[in-house]
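Some structures to go through are shown next.
Consider the two complexes below, in which chain A is the common component and chain B and chain C are the respective partners.
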Partner chain A sequence: MILLGILWVALGVYWGKKAKSMEGFMLAGRNVGLAFGTATAMATWVTSNTTMLAPQFALQLGIWGMVAYSTAAFGLFLFAPLARRIKDVMPKGYTSGDFIRLRYGKAAWYVFLAISIFYGFTWLISMGMAGGILMNALSGIPYQTGMTAILLVCVLYTLFGGLYAVIGTDYIQSLIIMIGIVIVGAAVIYSIDLETVYTDLRAEKPMLLNALMPAAVMAIFNNLMFGIGEVFHSNVWWSRAFAMRKGVGQRAYNLAGFMWLPVPIAAGFIALTSSSMGVNITSPDMVGPLMAGNILGKTGAIIVFIVFFSSLASSIDSLLAATADLITEDIYKKMIAPNIGEDKLRKASSVVIVGLGLLAWLVCMPRIGTLATVLFFAGPMVASTIYPIAMGLFWKSANARGALWAMLLGTAIGLIAYFELGWYTASLISAAVSIVVTTAFAKLKPANFDWNYLDEKIPEKPN
Partner chain B sequence: MFFPQPFFKILILTALLMMSAGAITLVGMLVKDIQTKRLW
Partner chain C sequence: MQVLWVFLLALMGSAGFGQNTPKPIFENDRENFSNSGYLKLSWTWEAKAGNADAPIFHLQRSQDAAFAHAKTIYKGPDFASFRSGLNNGLYYYRIRAALPDGSTSGWSDPVLVEVKHHSLALTFTLVGLGAVVFLLTVIIVVQGARRTT
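Take a look at the complex of A and B:
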């Protein structure tokens, strides 16, 4: 853990030397190529939630659970054309908040920022918690110590290197994740026959092989919508679209989608072998590291540790950078200090990164709920932003009121569904409300938006 | 109705194969970007 921590911080300092301007620090000079662009999208989307929740999904919802998790890859596939469009219409944009503000005006912007920052912070907490759980499961390090270490390392290298460091380390981390999961998966297949696993599951837990398990089928569509919502609204993905060289974004996101698609299945199926291997699962979100350590012994535990550490770091760094950009650019610069100079803005950005890390650390200290509970609470909120964003980028007729009500009603009704029906329905219902409201407003009171107003150089038009 | 055993096996093997191909593709893209000086 110490060696990996030193490596990431050293690389952060090294790449940080390239970040001479605020644009370099926030957007890596807007000239990122295909290899780094693809790797950063892929690695960022492989979070602790993929490597730890996918086995949990497999254990609770069976084959459909793994496939359901895989559908989150469609977030990347569907964002690909948006990445191209974003680069075309907002060549000088900085954040997803910029788009909502310029496209829909201030009321929708405030709601969007609240959703986006809440989601970003929830994601950050779920990963900080995952870091602590992982360290504890694999090496017995106390939860608080492990969680503190991973947050500290990520804060340090994001602070020194900005998006250059985030994207550079993401490349190495994406390779580690892919190679590591393949090694662990191959070792599992080598140590136990898949036919035996299937036969044991059929005898002991037949529900996991049920092709018509209602909750699991619902989870597919819910996860699909949650995944799309997460990617479409989050500044993590928008900042990468702005950072990639013109012509790279669409290809990079498509390639990243194909590379991500198999990860939940390759990481999740290990949980299904637990019965055949005679491993007792004490906590569902620890099933991944527990199984890998059990099958592969000490060497395997080290490989898994490095893979998990990389998947956590690749997402925590992106999230710190992107959420800090949102707070610095949209709240501090646009609302509080519009005439602030570049040096002061850079300092403010550093303070925000440290502050976010500190706040996440405080919230993570008591281990609250399971990872799924924490994460899926944000699902209906982000799903409500899908259509205001997608339609706002392509339809001139999408209007401000439609966007505002789509986000408010989608979130409210989605949250009611979360509590009354179950987490696996919330995002789906929220997205459905969002599309109906956005479309209805666009058809009944169509706007005639001039795309040129998305370019920040032109004065803002009242919407 | 249960997923058939071959489906279970093919699903897992395909996932591992796709991940291996992904890692190789990523290295190939890096080499190309370095050669054409289009890394960043």
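Take a look at the complex of A and C:
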């Protein structure tokens, strides 16, 4: 862990030298090519949510759980055309918040920022927790120590290198993840008897093999809509769309989606072997690293650790950078200090990165809930933003009131579903409400938006 | 005579008759409900003063309250066990602690887990809704991209 930590921080410092301006620090000079673009999108999407939550899905929801998790690839596929559109209409844009403010005005912008920052923070917490759980499961290091170490490393290299460092390290991390998952997958296949796994599952956990397991079947479209909501609204993906060269975004997101699609199946399958291996699972979010460590032994555990550490780091850095951009650009610069100079803005960005890391560390300390319960609580919120974003980019008739009510009602009704039906229904319900509300307002009170207002060279858009 | 009784009781305890080893206590409610077929069972156990031996827990599951057809589903030192993939039905769980000296506690008070999965009507309604919402999302994005290219 120390060696990997030093490597990432050193690379952060090295790449940080390229970030001479604020645009370089936040958007890597808007010059990212196809290879780095694909790798950063893929590596960022292979988060703790894939390497640790996909096995949790498999353990809780069985075969359909793994399939449900892999549907999140559609978030990347459907964002591909959006990435091109974003680059076309906002060539000088910085954040997803910029789009909502220019497209829908301030009321919708405030709600969007609240949702987006809450989600970013929830994701950050889930990954800080995952870091602690990972260390604890593989090496017995106390949860608090592991969590602190991984957050510290990621804060340091993001602080030094900005998006240059994030994308550069993502490239290396994506290679490690791909090679590691192939090694782990092959080792698992060779060391277990699939027939025994099937027989044991039938005897001990029959519903995991049931094609009509209700919660699992419900989770398919719920996870699909959650994935789309995550990608469509989050500044993690928008900042990459802004950072990629013109013409690169669409291909990069499509390629990343195809590369990511099988990863949850490969990572999730391992959880189904727990009964056959006689491993007791004390917390469902520990099942991935615990089983990998058990099956592969000590050497395997080191490989698994490197893969999981890389997948965590590649997402934590992206989140730190993108959420810091959102807070610095949308809140500090736009609301508090509009005339601030570039140097001071960069300092503010550094303070925000450290502050976010510190806050995440404090919230991670008591280990609240499992990874799924923490992350999926934000599901209805992000799913409610899908249509304000998608229709806002393509429909002139989409309007501010529709966007505002879609986010408010989608979130509220989605959260009711979260508590009344289960976390595996909340994002879908929210998306359904959001599409109805956004469409109804666009049809009943159509706006006639001029796309030129999205280019910030034109000063003000009356909405 | 009294000395003999004390000696016999001590012998029973050390031979595993469960008189002295404290019982584990479930942290779960006595009655639990799951509509997704999974739940986490966790328990606490306090050692007797002066005894630092780590216990091995025996967790049993039965579908009848009398544990007539009980099955040991976990034997080990952990203080929790995550169970998943359960069919509809009633499941009773109980646990006891065994120490390296051979003594065992009595069985804990059982906890009941009722598993009743969501109805298929609700499931298919949500799947239908999901398919429609997803299809419309694809149409919005693909049509929009074509129109603006």
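Methods note: the second predicted complex is superposed on the first by the 463 of 463 C-alpha atoms of A that agree within 3 Å, B and C clash if a C-alpha of one lies under 4 Å from a C-alpha of the other, contacts with A are read in each partner's own complex, and residues count from 1 in each chain.
The rule is short, and it goes like this: a residue touches a chain if its C-beta (ideal position, glycine included) is under 8 Å from a C-beta of that chain, and two chains touch if they have at least 3 such contacts.
Since we're looking at a predicted model, the values are computed, not measured.
**Q** First (chain B), second (chain C), both or neither: which does A:178 touch?
**A** After superposition on chain A, A:178 lies in contact with chain B alone.
**Q** Considering only touches as defined above, state whether A:358 meets chain B (first), chain C (second), both or neither.
**A** neither
**Q** One more residue to check, A:31. First (chain B), second (chain C), both or neither?
**A** Touch status of A:31: first partner only.
**Q** May I ask you to decide whether A:206 touches chain B, chain C, both, or neither, giving the answer as first, second, both or neither?
**A** both
**Q** Counting only touches as set out at the top, which of chain B and chain C does A:335 meet: first, second, both, neither?
**A** A:335 sits against neither chain B nor chain C.
**Q** So, does A:78 touch the first partner chain B, the second partner chain C, both, or neither?
**A** In the superposition, A:78 touches chain C alone.
**Q** Using the touch definition from the top, say if A:440 reaches chain B (first), chain C (second), both or neither.
**A** neither
**Q** Touching A:220 in the superposition: chain B (first), chain C (second), both, neither?
**A** second
**Q** So, does A:152 touch the first partner chain B, the second partner chain C, both, or neither?
**A** Touch partners of A:152: none, neither chain B nor chain C.
**Q** Would you tell me the residues on chain A in contact with chain B in one complex that are also in contact with chain C in the other?
**A** Common to the two interfaces on chain A: residues 206, 209, 212.
**Q** Mind pulling up the chain C residues that touch chain A in the complex?
**A** My answer: residues 35-38, 40, 42, 73-74, 76, 78-82, 84-87, 117-120, 122-123, 126-127, 129-131, 133-134, 136-138, 140-145, 147-148.
**Q** Quick one: in the complex, what on chain B touches chain A?
**A** 1-3, 5, 8-9, 11-16, 18-20, 22-23, 25-27, 29-30, 32-33, 38-40
**Q** Taking the touch rule as given, give the residues of chain A at its contact with chain C in the complex, in rising order.
**A** 59-62, 74, 78, 81-82, 84-85, 88, 201, 204-209, 212-215, 217-218, 220-222, 224-225, 228, 280-284, 287, 386-387, 390-391, 393-395, 421-422, 424-425, 428, 431-432, 435
**Q** Which residues of chain A touch chain B in the complex?
**A** 18, 28-29, 31-36, 38-39, 42, 63, 66-67, 164, 167, 171, 174-175, 178-179, 181-182, 185-186, 189, 194-195, 197-199, 202, 206, 209-212, 245, 255, 258-259, 261-263, 265-266, 269
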